[in-house]
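There are two complexes below, and they share chain A, which is joined by chain B in the first and by chain C in the second.
So, the complex of A and B:
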């Protein structure tokens, strides 16, 4: 295991991974910052009105979210490839070039969102300013750029996987990443029919975050368990295959829970309800899996009389455990809350969805990707056992605590909307604003903003820790 | 010694994962064909022949649209051109849209095209929800065309100084900052008169889409909260 690839210094793939992680962390900060702007606008509607309206703040909030995660995912793959395959990543020079193209394109897209914002109702706007479809607003030219970059990335992954040792983890990633890249194509066309539009739009959004991204997390968690605990590969990979079966088995047809009300036929009620109700099961399995492997590995060490922790990277492992639980709680429990059509009829399009969205993206993805940042810090600094610092504990607590608080606040806001705007008032314009002006809703929005500030402070501490902990003498080298 | 069980064999689970994924994908693709056929946009002939489509043709803007309980379905459905008394569309009663109820298929399609493009070019979905999807900073637009606020008894026609729903909506869309209804205001997005007309056509068309009863009780309840 102690190959030159353990450290970032010996591997160009790992170097590229750190570039991806760095850019991802910057975008993560931007995501939080623009989230704060949008949260402030709920409390003070005049804030930046006419300059940086809610729609623009939100576009950057959610697109920065998606893009930082994609960057961190690409980075994670470039990081683990040399470890898994035993060889340097094939086509790394092209990989590096594509990184700069990708990063430059993102900067241009963000600047256009910020300063041009909207365009005329014509195809030029769709091609060069905004596509106006939630999460994938990036204009069409950038779509094609993303396709080229994704193809390059998938190409590198496949060539490396086929040339080097193709472990179970690499095999899962190869299959998963090609689906992940291919699905983006479903979001790259224009139609006048909004039902058809949203039908395919969900192929991208749902089949990313409730299928391919989840499988990606399974693979990364497997890698992390082997890397940080020394867990047994055969056991870990068997679990991984079971998770893939469960995640795709429930997640692919779970897509149906987005097809209740967009003009699509009624049979999606049954299909969507059944399969999406099964979606939390693999998330329970993943949680059990992480804790089980931890306990098993620690236990077998203790039998040998070794009482030290088996974890060689405390901050990263903390984030991995938070991932296992956060994925179950945010995606599983909060998702299940409103996944049945009988409930979703009233919760669809309320802050309830927002509560679920926030905790799920955080719990399922942000956590494990931050964990990967720490694994990279460990690797690039040649640290054998990485420990918590005061900063890492504060950052983890503030970000996680803030996120939970925000989720609770948004859930309460969602209840108010469901009861007042929907059930009592029948979802009209007047009903909407009656809900929004309710005391509980407004208090919830205040708390959401406060919790946002807690998270942002936690992020600053996290950034400081990631930048400085590598040189901290507390770690074992 | 017993033989090694298949349940602890990685190859078995790898194959299972492949089969499960393949089966789910094939089922999804099959359902996609069925759904695509059901949600394909109708045309003028369907409306004239009285054929109910989940997504009616663009000339639906020539008709009166309401949202009423269907006896058969057990929830509200869009009713186009009058109700037969059981919650089925009659496709007879017309309604003027910007002074006309005889838009040709081509004209109506062009308006809808402009409106749909406009809805994306102005990032509507990043404040509003459309069919319940989008952001939650502004009201849902799924059935906005049918909102009592814009009707003869609502405040918006008087506020904008217009006599019809479509003109009031178009005026508001062009100058939302001049007609504040709440502390949270829609910003001026540079929407032209032509674009506004397209957007209103898009909204009217969207209200005719069969959304399986979402949103429930839309526009039916008056004063439930404050007992007016």
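So, the complex of A and C:
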């Protein structure tokens, strides 16, 4: 009986996971497309002016990012639940219904963003057009819809986790996902004080991204290493608990680095500085983990005289390794650049933040979720050893290379802003514009657009590979 | 003409680039330290490479010092940076030890 879960055929939970992955991939494409529109508007400010302004393109770019990742995360959980618990997901019919509600709600929200765009400054706009908070602009009706869907998802996860086998991975996911869903509530109410409002809003943004999402990645990495390398479960789960402790230990109060300039008391400087300095440590530890499991598993196979690679899904494993590096570079290096208040005073709100945001979201989350897409393709097609195809190599290289290029371009632009707009011109109105009119900034924006096109082309190749590689005879069955 | 009162004097103009480079190198060198340390432990590299690993940690600690000095961090942040440097040198030892013990317990 268990084999049907492992192959992905016959399991309704895995079928539902593929629905989530498919919708996530479509939203991923939309995210890149609207990112290209916004990047073009930096180079040609009149592009689509009055039809699809920068503010709208940016909203869809960022919200599509958040939502495709949430869809892919839900899909990942539905995929791994039968493997981990040994049973079919409890409440799968409700899970399927919630998927359609969630997908329909997202389509309506995007259409409203596209065609209605703005409304009067009253409650109607908050309820039906946009709530206006960055990254989570969905109107309030959709907010409540998301809460209902998230509760249903968490319910399915808990009921399955309690009924089936309770592994460390599922236990961590149960705790993590309830925090993930609960934190969304902090972004659903308004106060008439902007500092207080921002204080709570950061709970959603920071505690999602730098705490619950990172822990989620740890759980998925643990599952992936067991699945792809045959790594020892106890070793992997031991790591997972270490990571949970380190991520929550440094990540929760790392929140302080968002409180430097929003009107909160000054003690947040010290809290933010201390925990931000510690935040890269779990990311460095991730290196130990991936190297350890790869080295030990390959080494023990070689001792038995087996020189073949222990990796049974090369494209997915490539994305998982890119996750370890990308998380380290994007969240670690590009985060540490400007995390202390003394330097953040100059970098805050410049393209430095954008460089960090792009590489961190890509490195820490997009990579591992794309890896999960490939694990699902392997499972649904009954592939024993999945190899790279020419398309998978091109897609990986173009998306990753394009993202690195874009990050470098944005970093150069950010540096110009730090020097000109902030250090030389004291964050004045004139400084804001002078910083952006210089040659270095403008050329960096050109390169950002070019690199965006490289990423989008890579995405098209990736989509083609995901749709066709399952039937490719190159894989061992 | 920019009012001189709005120019922030905390960091010298020429110090921004060294600050960004040294803060990037903190984690790059830290990554080399952790990577080489683990690779030696799992026998992917010869034992003498361990000296190289510790050299990279020294470079990490120096970059932290340089970065903190150029930013003129306060006393508390300076202590936080020292804690981070100590944490970094201990971390791979602790993580490796725990993982190895679990590995031995389950496979031997």
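The definition used in the following text is that the second predicted complex is superposed on the first by the 475 of 477 C-alpha atoms of A that agree within 3 Å, B and C clash if a C-alpha of one lies under 4 Å from a C-alpha of the other, contacts with A are read in each partner's own complex, and residues count from 1 in each chain.
The working rule: a residue touches a chain if its C-beta (ideal position, glycine included) is under 8 Å from a C-beta of that chain, and two chains touch if they have at least 3 such contacts.
Everything numeric here is computed off the predicted structure, so don't read it as measured data.
Colleague: Quick one: classify A:274 as touching chain B (first), chain C (second), both or neither.
Modeller: second
Colleague: Quick one: classify A:439 as touching chain B (first), chain C (second), both or neither.
Modeller: neither
Colleague: Between chain B and chain C, whom does A:342 touch in the aligned arrangement: first, second, both, or neither?
Modeller: second
Colleague: Please indicate which partner A:42 is in contact with in the superposed arrangement: first for chain B, second for chain C, both, or neither.
Modeller: Only chain B; A:42 stays clear of chain C.
Colleague: Quick one: is A:234 in contact with chain B, with chain C, with both, or with neither? Answer first, second, both or neither.
Modeller: Once the two structures are laid over each other on A, A:234 reaches both partners.
Colleague: Among the partners chain B and chain C, which is in contact with a greater number of residues of chain A?
Modeller: For chain A, the partner with the higher number of touched residues is B.
Colleague: Looking at A:261, would you say it contacts chain B, chain C, both, or neither? Reply first, second, both or neither.
Modeller: In the superposed model, A:261 contacts chain B only, not chain C.
Colleague: For chain A, which residues lie in the overlap of the chain B contacts and the chain C contacts?
Modeller: 234, 238, 242, 345-346, 422, 424-428, 430-431
Colleague: In their complex, what parts of chain B are in touch with chain A?
Modeller: 8-10, 13-14, 16-17, 20-21, 24-25, 27-28, 31-32, 34-36, 38-41, 54-55, 58, 109, 112-127, 129-140, 142-144, 147-149, 177, 181-185, 187-190, 192, 195, 198-199, 206, 209-221, 224-225
Colleague: State the interface residues of chain A toward chain C in the complex, per the touch definition above.
Modeller: 232, 234-235, 238-239, 242, 270, 273-274, 277-278, 280-281, 283-285, 287-289, 291-292, 295-296, 299-300, 328, 332-333, 336-338, 340-343, 345-346, 415, 418-419, 422-428, 430-431
Colleague: Mind pulling up the chain A residues that touch chain B in the complex?
Modeller: So the residues of chain A touching chain B come out as 38, 41-42, 45-46, 49-50, 53-56, 58-59, 117-123, 125-126, 129-134, 137, 168, 171, 190-199, 201, 234, 237-238, 241-242, 244-245, 248-249, 252-253, 255, 258-269, 271, 345-346, 348-351, 353-354, 417, 420, 422, 424-434, 436-437.
Colleague: Taking the touch rule as given, give the residues of chain C at its contact with chain A in the complex, in rising order.
Modeller: Residues of chain C touching chain A: 2-3, 6-8, 10-11, 13, 16-17, 19-20, 23-24, 26-28, 30-31, 34-35, 37-39, 41-44, 71-73, 76-77, 80-81, 83-84, 87-88, 91-92, 95-96, 98-99, 102-103, 105-107.
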